[in-house]
Amino acid sequence: MYADDQVVKALRISIDEIAPGQATARMRVTADMVNGHGIAHGGYVFLLADTAFAYACNSHGPVTVARACEIAFLSPAREGDDLTATASERVRMERNGIYDISVRRANGDVLAEMRGHSKTVRPGPGGTDAQAGPPQPS
Amino acid sequence: MYADDQVVKALRISIDEIAPGQATARMRVTADMVNGHGIAHGGYVFLLADTAFAYACNSHGPVTVARACEIAFLSPAREGDDLTATASERVRMERNGIYDISVRRANGDVLAEMRGHSKTVRPGPGGTDAQAGPPQPS
Amino acid sequence: MYADDQVVKALRISIDEIAPGQATARMRVTADMVNGHGIAHGGYVFLLADTAFAYACNSHGPVTVARACEIAFLSPAREGDDLTATASERVRMERNGIYDISVRRANGDVLAEMRGHSKTVRPGPGGTDAQAGPPQPS
Amino acid sequence: MYADDQVVKALRISIDEIAPGQATARMRVTADMVNGHGIAHGGYVFLLADTAFAYACNSHGPVTVARACEIAFLSPAREGDDLTATASERVRMERNGIYDISVRRANGDVLAEMRGHSKTVRPGPGGTDAQAGPPQPS
């Protein structure tokens, strides 16, 4: 999944600490991410959180996508800030999962809180659902 | 606001049809926006919707930021897709606003539906709140 | 559906103006609905909005339930207020639907805005999905 | 707050385990809470979660209300089910708070997950904001 992920490469997002239902993503806010108010565009804060969410909900193997997300912006990020998004699984039932993702500055301040809702669409490598089509390259 | 917005320049987002409480943002999905599942990273779909939301909620003049957003992903976008996000104001009361944003492909299919919650933080050019500090350059 | 709905009877909610994708529900705030802050419990405002949502998303026939809802509380309701919730369909794709529901006081002031996400679980009377089990009594 | 709360009395909701940022609310699903699909109206599941949220976010003293809530319904509740909603604080900054609330059946199954966003409006007994008006009776 990481090997084909052009977004993490282009934005120099690092993914680490992947465990079942968990993932952490890190990114530095660049000049290109600043909006007309002089603060980081909320879209990039979301994107980082969504990335941690994606790696966490795909950590179990089967291909899983975001169905919906809610994000609350608590404090702005600025150019040069090193942001860390940590995702952890809250509940998983059948094909549905709920994940909580916090985005923090290097000093630990919370910038944003996201809740992500996932749905599993087909098995990854090692999956057992023979009807679901060929294995994913990711 | 547009003049200082590095994000819309870097991603070649066009902003048009701004009217009170309304804005439209357009963006083409590039190779850099594709994630490990071979579809557009939901973060970029969000970012486009959030951009339309930002221009719509700032259309009244006073500086307004996103407090929270909810997005539902209905169908994936792919490289080369031309996406259009249209934002329209649902309600505005005191410093709070609610906006509905639809993201569509060129053929009109809806890819995502966002609801954005805004809060006004200080007046823009022409604002009347003398305590709110110097006029914003944006 | 209405005939078996004990909630609308117990709370004297009236349902009217049902059309494809649309429904309106009305309720008077009673003394039993007031919380420790002296205002209507947000749970009852949600319940009224959720009722309009339920009748709107079931208006097409197949049995449809709420998957998730987001509600923003803009202004409190008080004992004796006559509340009206109007639900309208925003989009419907396959088994998923999104509905917008506004709750207003008699004077037209908006108290709350809800967005509801529905999923269709089996056909109602006249449905065509033979695998889905016996017709619902509702 | 509890003394004036007509809702918890009318619905026989018990509130317990209140600690700073935490609260638990319990309720039995009665026949009056069943909708036209034969399951508990989602509005009552929300109401119970919202009650735990309210007691948790008011546990610090100052009067605090719900600004917005998101709820995901994972599994239906039925007449006679004993439901427990547990609320815990995720983050609190200035006048804003975010709380996570899980609703479970007696066997521990999760029925619903809510996230609540609170705002503090004025101090409770012992508060220090002299401009905020007379003490609340709650």
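Per-chain numbering from 1; labels A, B, C and D assigned in written order.
Everything below uses one rule, namely that a residue touches a chain if its C-beta (ideal position, glycine included) is under 8 Å from a C-beta of that chain, and two chains touch if they have at least 3 such contacts.
Nothing here was measured: the structure is a model prediction, and the numbers come from that model.
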{"item": "Per Cα centroids, the chain farthest from subunit C", "value": "A"}
{"item": "Which of A-D and A-C has more C-beta pairs touching across its chains", "value": "A-D"}
{"item": "Between subunit A and subunit C, centroid-to-centroid distance (C-alpha), Å", "value": "33"}
{"item": "Whole-Å gap between the CA centroids of subunit A and subunit D", "value": "29"}
{"item": "Numbers and ranges of subunit D residues touching at least 2 other chains", "value": "68, 70, 72, 117"}
{"item": "Of all residues in subunit A, those that touch subunit B in their complex", "value": "1-7, 10, 31-38, 41-44, 46-48, 50-51, 54, 63, 65-73, 76, 136-138"}
{"item": "Residue ranges of subunit D in contact with subunit B within the complex", "value": "68, 70, 117"}
{"item": "Subunit A to subunit D touching residues, read off their complex", "value": "70, 72, 74-75, 90-91, 93, 96, 98, 100, 102, 110, 113, 115, 117"}
